Amino acid sequence: MIQRKNEHWFSMLFIWRGSVLPQLLPRLLMLFLISAGIVFLKGTFFHFKIPLSPAPFTLFGIALALFLGFRNNASYDRFWEARKLWGALLNDTRSLARQAITFSGYHRDGKEVDTFLKYLIAFTYALKHQLRGTDATEDLRERLDPVLAKRLSTAIYKPIILMKEMGIWVQQARENGKIDTILQRAFDENLNKLSDIVGGCERIASTPIPYTYHILLHRTVYIYCFLLPFGFVDSLSWLTPFIVIFIAYTFVALEAIADEIEEPFGTAPNDLALNAMTEMIETTLLEMGGKHIPDYGKKNADILD
Amino acid sequence: MIQRKNEHWFSMLFIWRGSVLPQLLPRLLMLFLISAGIVFLKGTFFHFKIPLSPAPFTLFGIALALFLGFRNNASYDRFWEARKLWGALLNDTRSLARQAITFSGYHRDGKEVDTFLKYLIAFTYALKHQLRGTDATEDLRERLDPVLAKRLSTAIYKPIILMKEMGIWVQQARENGKIDTILQRAFDENLNKLSDIVGGCERIASTPIPYTYHILLHRTVYIYCFLLPFGFVDSLSWLTPFIVIFIAYTFVALEAIADEIEEPFGTAPNDLALNAMTEMIETTLLEMGGKHIPDYGKKNADILD
Amino acid sequence: MIQRKNEHWFSMLFIWRGSVLPQLLPRLLMLFLISAGIVFLKGTFFHFKIPLSPAPFTLFGIALALFLGFRNNASYDRFWEARKLWGALLNDTRSLARQAITFSGYHRDGKEVDTFLKYLIAFTYALKHQLRGTDATEDLRERLDPVLAKRLSTAIYKPIILMKEMGIWVQQARENGKIDTILQRAFDENLNKLSDIVGGCERIASTPIPYTYHILLHRTVYIYCFLLPFGFVDSLSWLTPFIVIFIAYTFVALEAIADEIEEPFGTAPNDLALNAMTEMIETTLLEMGGKHIPDYGKKNADILD
Amino acid sequence: MIQRKNEHWFSMLFIWRGSVLPQLLPRLLMLFLISAGIVFLKGTFFHFKIPLSPAPFTLFGIALALFLGFRNNASYDRFWEARKLWGALLNDTRSLARQAITFSGYHRDGKEVDTFLKYLIAFTYALKHQLRGTDATEDLRERLDPVLAKRLSTAIYKPIILMKEMGIWVQQARENGKIDTILQRAFDENLNKLSDIVGGCERIASTPIPYTYHILLHRTVYIYCFLLPFGFVDSLSWLTPFIVIFIAYTFVALEAIADEIEEPFGTAPNDLALNAMTEMIETTLLEMGGKHIPDYGKKNADILD
Amino acid sequence: MIQRKNEHWFSMLFIWRGSVLPQLLPRLLMLFLISAGIVFLKGTFFHFKIPLSPAPFTLFGIALALFLGFRNNASYDRFWEARKLWGALLNDTRSLARQAITFSGYHRDGKEVDTFLKYLIAFTYALKHQLRGTDATEDLRERLDPVLAKRLSTAIYKPIILMKEMGIWVQQARENGKIDTILQRAFDENLNKLSDIVGGCERIASTPIPYTYHILLHRTVYIYCFLLPFGFVDSLSWLTPFIVIFIAYTFVALEAIADEIEEPFGTAPNDLALNAMTEMIETTLLEMGGKHIPDYGKKNADILD
């Protein structure tokens, strides 16, 4: 995620980083050259004049607006729902931590509460790694006792196994007479919510927008942009390539952005800052438990990953 | 569901599978031939010139944009709600499994917990078969004891009867003194949620978008496409058929996609991968219970059904 | 509700039933005749040429698109929310039935459970009749004991009085020592949900979209359609009436559909199939209770009411 | 709220009441006169021809569609959310009444249950008066005992103080051994929901759509309408004033409607019928309690206030 | 937040405060001068005529409408969600106060209840300061006992630490035998909701709309406005600068508004009135507790901050 600074409106016109412009440059350049060629030939190939006028483009435009608008909204909804799920993860781990600290019956700074907080933190790391498809072993080993860390290393759904461990922790608290079944249910309901969060994230990660939309939108955008210079060569003459790449830039860039934020758990510049959020959850849980907060090292000031 | 690969933007223009193009080809071809004929006759039939210009098409366009946009959003909402319901099914069966394992009072690896997990898995299969209108007998017989499987074979609403069995299982746990009524309610609330999920899926499966929308949209799209060549024959001349089928493709394809994902429980290429999701739920529940996970056989790498 | 069949794309262009076309035919015919008259007079009345061109219609179009889009979305949202409420009714009555059967403490096939299931079924019928403004007496007399049926016949809010009876049933189960207050609350929460469903349906039935929207939209659509032939008579000549009724059909039909589904509890062809849903709820509750399922008689295969 | 009747589509074109037309008439008349003047001068002032054509209006149109669409949706959402909150108020007071009647432990027709029902009804009236900024004293004095009514007369947030009284009533029921803490919580959760409803209504009443939107939209609409005659005087000549006021009517009326329903708790013709809803809640609660239902006097058949 | 007054529709055209016009004036003036220069040169630089016509602007317009509409909706959703969260904060603190007063077992006017109310009020102030990035020390010292205020001064997440204190307060009430675990859970659930509110606010404050959208939209708007005079100089001649700044005003102003309300916790004129809301929460909680309500001093009548 790119940290937003308050740029002046004028300098913001020339920002490079965070924009999708760099990755689109080759395509736009290609389009510029094609347009220039068409202008040079005055839209004529081998004495055949391509009889295209601006008129049909407003009809294409209807389809394009529909597709891009839909695609963009669907992608942003996925991005924002993913963010909400991670926000709910923060809220829910804090609630579970508060329950473990204030009414588990164990001493507030005791070993058992400590174990539970570690489960919560490890759960957060495990979920992050599952969603990004990276290896959780290192992070789990640092935060859990070796036996459990080992057992988790072969599990397919690590966060779920950790939730089962939390369920066992709560059950043992009851068997030790620390809580009754009423407070056990208070834990249980927050564990249910954790289950919803994990499943929600998995849903977004595993089910993209139907592929057929990608293809249809992609084709419409690119054929549209390729036909544009033919439609404008007569009225705009030498200005055609400039106007065409400007129009093309807006459409192609919107498609590229939608593509990037559609999978919000990735590591592209505009994806969710899962690392920063994981560390933030660890920080607030450790602060609640009165523990020492580790230094996560110097960060890049502009981009959170 | 089609697995998305990261195609190059250029090769993506020529993808065949997953696109709705193949099924639309005959109609588009027909339209191409009609357009070519109109160009050949210069829009004149028996010396009557059809006096159509591009102007009215922008007015049609308003109606089309409204209808297609509405239809597409409504279809995608149904698709995504169906996906959310199956996501909730995953979360809820996991929560119920965690409850059965950690606080039912039965031994974690005991026969009773095993029975409950089997109920959950069978419930998932029964729901899948009900939604797809296929025969659940085989899948239920593999996962349940023969008496219950037999009884289910004649039931109209199989998942609901299985939920009643789960309710009886919980009641017996209480009568055996394994849980008190407080923990019984913890199960009960998750069973309520299961009931909501079943009903939500049945709602989507049984109530399509009002049929009158289909008719109105269908007529508007096809009459619009048929009139297009008359409107453009004078300005675009021989280019008309190409432009017409490109515009027609975008509209007709969007209608076809909306039609396909409107019934998300079907087996079309862009429908939900109920088989894969059912197997995933079985996998995670068996992993939680420490059971052996079956091998579901080799899958097609590109399409999940 | 019209059952959707998979029509061929071509024959779907000529479907009559389910379409709103029949009821709109007189208006469209009138418009056709007016248009033909205008073409005949070449847009001139008593030597005054009406100086209207297609240009202002794109400006009208903006307003029209706004109004129709808003109106249509608002109507469909009402339709779909009403459907969701009836879906929730199914889920909630199933949950209450499961609770009565599995943990009320009464025998699963006993008289008391039977009474509770009858309350639930009668509640569903009473709600249907209240929403449709029809007479519930017959249906309630068949399903309830005569004293209660008689008392209900004079009640204003019958479903609410039935819910009070269910509350008394639960209270008596507790007073008889069959359940404790914890399980009583489990019933109570589902009764709260029933209360939300009743109120939600009453809200949709009693509060239409503000009337002023109807008037504004209605005027805009009809004045627009009446002006259309003047705008196109010069450019489209004898084709004008055909194009005008096609454009008018799309706008007028969309308004008519929105009007029909805005009150989803009615009996128009595209309204909700309350009868079919009521019978389905009765069927699933009787199946859960192991009771005999009545035969509801032969249905029209195409339309559910 | 205006009661909708099924008007014939033709007579609906000339309806006066419920339309916002009367209040807009002076502005539209002024615009008509300006337009007529511009037509008379052929768009020329002191030999300077105003060189405006229809072309820029489609660009303005984009902005207008954006603003009006957004404004209208935001206003309608507020209207509908307010209606939902009052629907939830109905559901929740019914649920609390059912709880007081069926499981408070007091006799169903006893004095205590009666008091609680009175609290609920007075609460509804107090909320209505707070939202409308009217004086609740009279209505509260009729429904509460004099001491409490007097104490409430100086309270800032009357409904909240009444909720506190309900909380005390529940606590006393427990101290009297009528209910245990489990049923106390059942009341408590519904009181939490009441709290959400009060706060939700206060939110809508106290936070309008940001003022800057009003200004921007207002300016755009009126400058647009004032410029319209200049753009069309050349092409539409003497028809200009008629077309201009028709276009202006649609835009100005939509802004006026959005303005009216944005504050749904007022007493304008299209606002929510808080009086009718309050009386309906009183009716259903009294019916549940088996009490006599007062006659609220003859109502205007067309408008609910 | 600007208090809305009912301005006359005519004087509303000339309102200065609350409008974003002042901050945009330099840019619009610059654009006006550029346009005037272009008109003076008749769109010709060094004998090169810039061959731009109005036609391509309708194509740009599609992209602009998409971007502005999306951006504006996303910003307003953030604004309104933030308002809902603060509304929920009001509801939830009232519910917790009612619980502490009516069923905590402590005396209604006792010291312990007083302490809990102070926690709630301090929590609200702490959240406000965290979201605005201001110093909470002063406000917390006035409302809390010195030891706790001191401890909080170094905490990173002050509201969370205060919630932990509330959890300890509830636990102590149980250990003192004032409440049982059932009522403890009633508090606990409302504390869970508080946790959701804090996290929701943090989410909005820390995750802006992806930066790449800002850049893309910003560029499109400004390049569009700069190109406008070239497109209209031929048809509108000397009127061009006036029309151009009017069109530019609507687009640029909408972008500026979206920018302002996107971060709703700031102190810009259209941001949320956190100060007023905090004082309102303090007022209602003190009124519930029967405490004296402080005078917050004279307010600016027009703007709430």
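Some observations on this one:
To keep things simple, chains are lettered A, B, C, D and E as they appear, and every chain counts its residues starting from 1.
Operating definition for what follows: a residue touches a chain if its C-beta (ideal position, glycine included) is under 8 Å from a C-beta of that chain, and two chains touch if they have at least 3 such contacts.
Going by UniProt, the chains are A, B, C, D, E = Bestrophin.
Note that this is a predicted model, so its numbers are computed, not measured.
Of all residue numbers used where chain D meets chain E, under half belong to both copies. The two sides are thus made of different residues. Centre to centre, using the average C-alpha position, chain B and chain D are separated by 39 Å.
Once the centre of each chain is set as its mean CA position, chain B and chain C turn out to be 24 Å apart. Contact with two or more other chains is made by residues 58, 65, 69, 182, 185 of chain E. The touch graph of these protein chains is a ring, one cycle where each chain has exactly two neighbours. The ring of chains, read from chain D with the first step to chain E, runs D, E, A, B, C. Contact residues of chain C toward chain B in the complex are 1-4, 9, 12-13, 15, 18-20, 54, 57-58, 61, 64-65, 68-69, 72-73, 76, 79, 83-84, 87-88, 90-92, 94-95, 98-99, 101-103, 179-180, 182-183, 185-186, 190, 232, 235-239, 243, 246-247, 250-251, 253-254, 257, 260-261, 269-270, 272, 283-284, 287-288.
Contact residues of chain A toward chain B in the complex are 27, 50-53, 55-56, 58-60, 62-63, 65-67, 69-70, 74, 155-157, 160-161, 163-164, 167-168, 170-171, 174, 181-182, 184-185, 188-189, 191-192, 195-196, 198-200, 202-203, 207-208, 210-216, 218-220, 222-223.
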